[in-house]
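Just below sit the structures, each encoded as structure tokens.
Here come two complexes built around chain A, the first alongside chain B, the second alongside chain C.
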Partner chain A sequence: MFEISNLYKSFKKNQVLKDVSLSFENGIYGLLGPNGAGKTTLIRCMVNLYDINKGVIKFNGLSIDNNDEFLSNIGYLPQKFGLFKELTAYENLKYFCILKKINKDRMDDEIKDCLKAVNLEDRINHKVSTLSGGMIRRLGIAQAILGKPRIIIFDEPTAGLDPEERIRFKNILTQIKKDRLIIISTHIVEDIEASCDRIIIMNDGRVLKSGSAKEIKSAAIGKVYGEKSKLKPTVEDGYMCIIKRI
Partner chain B sequence: MSALIKNNLKLFFRTKYLLFSFLLFTAAVNAFLAKEFYNLLIHNDVLYYLGESQMLSIVYFVFFVFISYEYIAKSKNVNLSESISVINNGKFIFYISKLAALAIIMLIMTLNILIYNYAAYFFEGIKLLPFALHIFLNNILNIFLVSLAGACIGTVAALYLSKFQAYLLIIILTVLISPISEFMPYVLFMGYGINIYPLMDVLNILPPNLNWVSEALYGLSIEPYRWNLVIFWISLLSSSILFKISNKKRKIINYISVTLIIISVYNFYFYMHPGSIVKKDYNPMNYIAFDELYYSKNVQKEEESGFAISSYDMKIEIDRKLENSVSLLLDESEVLRIYKFTLYRNFDIKEVRDKNNNPLEFMRHGDYLDIYNSTNEKLERIQIVYSGYSPVFYSNSQGVLLPGCFPYYPVEGYKKIYIKEQSSYIPIIRDCTSEFNLYVESSIDIYSNLERDGDKYYGEAQAVTLVGGFVNEKKYNNCTFYGLPLERLETENNLFRIDDILEPYKSSLIKDEDISLKKIKIFQSTVIFSGKMADNGIVSFDDHIFTYDLSEDCIVQGFAQIYIPYDANKSKIKKEFFNYILHKEKVRKIPKAELENSVIYEFRKLFLEKIDELGENYVMEKTYVFLNDKNDTRDSEAFIRSLN
Partner chain C sequence: MDVRLIYYDFKNLKVYYFIPVLIIFLFIPVLSIGMVKIYGIEIAHIMIFREAEKYIPIMSAWWTTFIFREYIEGDGNELLYCVNKRGKLKAFQIVFIFLWYILHVSIVFLVGSIFWNNILAEFIKTVIQCFFFTSSLYMLIYTLKSTTISFMILLIYELFSLFINSEITHFISIFGDNGTLIMNIIGSKSLVVLFISIVFFVIGVYKNKRFY
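Up next, the complex of A and B:
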């Protein structure tokens, strides 16, 4: 469905992505890596914000360049996200509905559904300036899922959120994941270990490992607590072992 | 898109600092317009009111630069652009809808000024459709397009620059565009001879001449070059906006951007070739300085031609400038080697041909044209093709002021054009007549002293005058008056009683009693004509008169002057002569002390002393003979001192 082959991206002399190849099907993917690993750059290449130097990104077998089908099937919540404070939640989402060319007759239902999905239906007529940071981020998720896109990409969606909001985010994921590809970029293992079907670990512009949570954990077996230890390694242990190439 | 624009407008008016700025701006604009409307009730000058309203152009410019910067930068500040850029064409639609919202606000604010202007138009009872259009075009050019250019600058600054850089650019541009910076090129040119006017003028999108008395025939400056300049900036800035907001892979948007660049280049080319314009700044190429600087040197000559032009066939085209193809039928007493003409120096000769259509050699030196005859026969007919303009006596698609006393077509011999001591033009009035046949092509209606049949003008006359713009033809009994409806004369009714007014002077001043005075056409002098032509704009030909007023004095002087050849050396005595005839009591009432001590009365004192000494009738008779005698070349002082 969504495929990245031999992707290279550099900024002047700084090579940020080096030969990245990945393949995605429906499900939730966690893109895990420390700060500066190249996650945001990879995501911006995936959503066609950056021109790539080498390689190809395909959606349903076609390059995403000038691919209207791809562009109308993508929902994106960037790392830094804001909304018009002067408008209400409803008006902000309506703004995005128009940009996404959602049929006028369907707009109201679409907005209500999305707000329900992110548990903000009671704030529909509240101005954004009155909402908390967590609520604004949830509203960001609502704008990303407007129009029922088949691919949704979240870049550091839980950054700055309190634990309660993080749990809420995980619940939202379970609600919206059906028949979709969801990619979550984060440097916090906890955000993705329970909800992701597959985890991709990146560092220094390369994909180091891609697999299920179990496969990631297995990378730490015998390396963290010793082979005879009764303590089982966590995803975080696996992640650390992969990153540090232990 | 309309729903998005609606949301953007909602956003604009809900953003506190934008709303506050807008309300403050609207209140200030309306307070100014209302104050000026109150003044209109006193001065009743609708053109002046239009000029005052267009002064708001700079305010609109600054407001829309600032407001568009803040409005566009706002979406950058709230981190929206990334999520919008991912949507198919999202960034493009987003910014275009925002600019459209700003354009709607600009339109509303332009409409605001238009309402006041049209209220003034109807209030003053001006029934002149071209002026109604003039009001509209002024507001579109000076208010809407200037605001749009401002919005484009603000948008480019918001998209490309940081806040500090953007504000720095906005402040610098505002200073350079506003009249504050006018002194800079003036100081550099006058002080050091460095001409930076061409550089400064590229930024000069604001309406010019607003601090000057408006030219009622012409209206305010909306010449094509001004449209070219503002469109050049708008299209150039728009293309850079498009490059920034579009997905570079979208071919259609790239094509639009390239088209905008082509439009801007096209407009820049025509901006660089403005043709005839009326721009009253100190640029050495414009109204004030172009002739003043040139004639300050000794470049003028006077010489008889040795031939007369018996007929003129002209094909005149007036668009950005005047183009003329003239065929002259010559009356030569002998074969001449050089045919000498006067033709204003800013008309470029393209070709000169003889009666057989063979090219003739010629030389241009200033206002003079020498055409060489290499044969041993009389030339009989000469065809000259030329084009150009005068920065003072305009000829373009907005207005035409081509008085017959200004050499915009070739006249025989070398003539002096300009009196540098008075900074004014000498009315060139030929003492013979010619047969004129003109075909004039122009987008505006042209009036002339000649008979008219559609675009053709014909008749025998000393000269041909062409006038077009805000001018009305009115008949008063049999007298035809070409008046300026935007500068109505309260004395216009005097035209009903011309005969009565002239009657007391017929025996002394008006020689030819057979002349049919009613056949004479009267043209109202414009501000430029009165200000720049000697004798304050009262110029008389056999068949038409220019006068700035229709008071009894002006009518008498206008008619009496028909018989007095113009001589710059005699202007002082002519002025005193007419003053004494028309305002004898006033002249006599000047207190003796004032007459003795004031420099301005020096000549008058001399004149009155001679009257007291030699008698009024004697002095006036001698003066009249002196004024009429073309061969007497003494100046005014030499004449009056010689009286005994």
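Up next, the complex of A and C:
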């Protein structure tokens, strides 16, 4: 469904992405890597924000470049979200409905459904500036799922959120994951180890490993606690072994 | 590009929206009435336009500055550039905001035309000056990636042009010289200003395309 082949991206002389190739089907994918690994750049290439230097990104077999079908099928939540703070939650989402070219007759229902999905229906007429940080993030999620896109990309969705909001985010994920591809970029292992079907580990602009949580854990067997230890490696152990190339 | 987006852009300004409106429809008329009362309707004519020139052109950059704060510095502004590839170019918004401002200004000039002749020439000169500030701002915000610094640069330029009396400021100033006939200003200076404004606008489009 969504495919990245031999992707290269540089900013002047700084090569940020180096030969990235990935393939996605429906499900939840976790993009894991330390700060500066190239996750945000990869995501910005995926949402057609950056022009790529080399390689191709395809959606349903067609390049995403100027692909209207792709643009209407993608939802994106950037690292920071807090636009139009003087508008109400309803007006804010309506702005994005117009941007996404959602049919005028469907707009109100779409907005109400999305606000309900993120548990903000009682804040529909509240100004964004009066919402808490967690609520603004949930409004961002609502914005991303407007128009029922088939691909949803979250960039560091839980950064700065308290434990309650993190749990709420995981609940929202389970609600919206059906028949969709969801990509979550993060550097926090616990955010994705339970909810993701596959984990992609990136560092220094390259994909180091892609696999299930079990496969990631297996990379640490015998390397962290010793061959004879009864302690079983965690995803975090596997992740550290992969990025440190132990 | 959908006009409804600009409606929400304006709505998001809240009280900031009314600053140019107050200056155009309250400050300038009050100033004009005061001058007419002191100097008489004929003598006040030139003085009113000389004073209006200090406020009307720079105010054309006001709405663009505050609206584009979201587009340039807003948290998650990339959403406004990736939702629709064609929507990446914000030149339409710039032109629409400029025309909306000119519509307001034209009402003042329309009222002025009841009392004075040669208003059309003054209006053309003012529109070109407004376009200069708008296109300069468009170029600056996408070059410097800061709306506040861009507006400050324009403000400093205006203060330099109006209040520093030197060869250089006379040369770089877009404002009318005292004693020069309005038709001469339009025929020479305003045409050059218009050309420079178009060049700035084109640079703005280029920088806008490369913003992300």
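Keep in mind that, in the parts below, the second predicted complex is superposed on the first by the 246 of 246 C-alpha atoms of A that agree within 3 Å, B and C clash if a C-alpha of one lies under 4 Å from a C-alpha of the other, contacts with A are read in each partner's own complex, and residues count from 1 in each chain.
Everything below uses one rule, namely that a contact is a pair of C-beta atoms (placed from the backbone, for glycine too) under 8 Å apart; a residue touches a chain by one contact, two chains touch by 3 or more.
This one's a predicted model, so the numbers in the text were calculated from it and none came from an experiment.
Enquirer: Quick one: chain B and chain C on chain A, clash or fit?
Expert: clash
Enquirer: Scan A:G140 for contacts with chain B and chain C and give back first, second, both or neither.
Expert: In the superposed model, A:G140 contacts both chain B and chain C.
Enquirer: Touching A:L83 in the superposition: chain B (first), chain C (second), both, neither?
Expert: A:L83 contacts both chain B and chain C.
Enquirer: Is A:V47 in contact with chain B, with chain C, with both, or with neither (first, second, both, neither)?
Expert: A:V47: touches chain B and chain C.
Enquirer: Which holds for A:Y95: it touches chain B only (first), chain C only (second), both, or neither?
Expert: Both: A:Y95 reaches chain B and chain C.
Enquirer: Look at A:R106 in the shared chain and tell me whether it touches chain B only, chain C only, both, or neither; answer first, second, both or neither.
Expert: A:R106 sits against neither chain B nor chain C.
Enquirer: Of the two partner chains, chain B (first) and chain C (second), which one does A:K214 touch, if any: first, second, both, or neither?
Expert: In the superposition, A:K214 contacts neither chain B nor chain C.
Enquirer: Under the contact definition given at the top, report the residues of chain A touching chain B in one complex and chain C in the other.
Expert: Residues 47-49, 66, 71, 76-78, 80-87, 91, 94-96, 98-101, 140, 143 of chain A touch both chain B and chain C.
Enquirer: Which residues of chain C touch chain A in their complex?
Expert: Counting only chain C, the residues touching chain A are 2, 4-5, 8, 11-14, 70, 74-85, 87, 212.
Enquirer: Which residues of chain A touch chain C in the complex?
Expert: Where chain A meets chain C, its residues are 44, 47-50, 66, 71, 76-87, 91, 94-96, 98-101, 140, 143.
Enquirer: If we count contacts the way the header does, which residues on chain A are in touch with chain B in the complex?
Expert: 47-49, 51, 65-66, 68, 71-72, 74, 76-78, 80-87, 91, 94-96, 98-101, 104, 140, 143-144
Enquirer: Where on chain B does chain A make contact in their complex?
Expert: Chain B reaches chain A through residues 3-4, 7, 10-11, 14-15, 77-80, 82-90, 93-94, 247-250.
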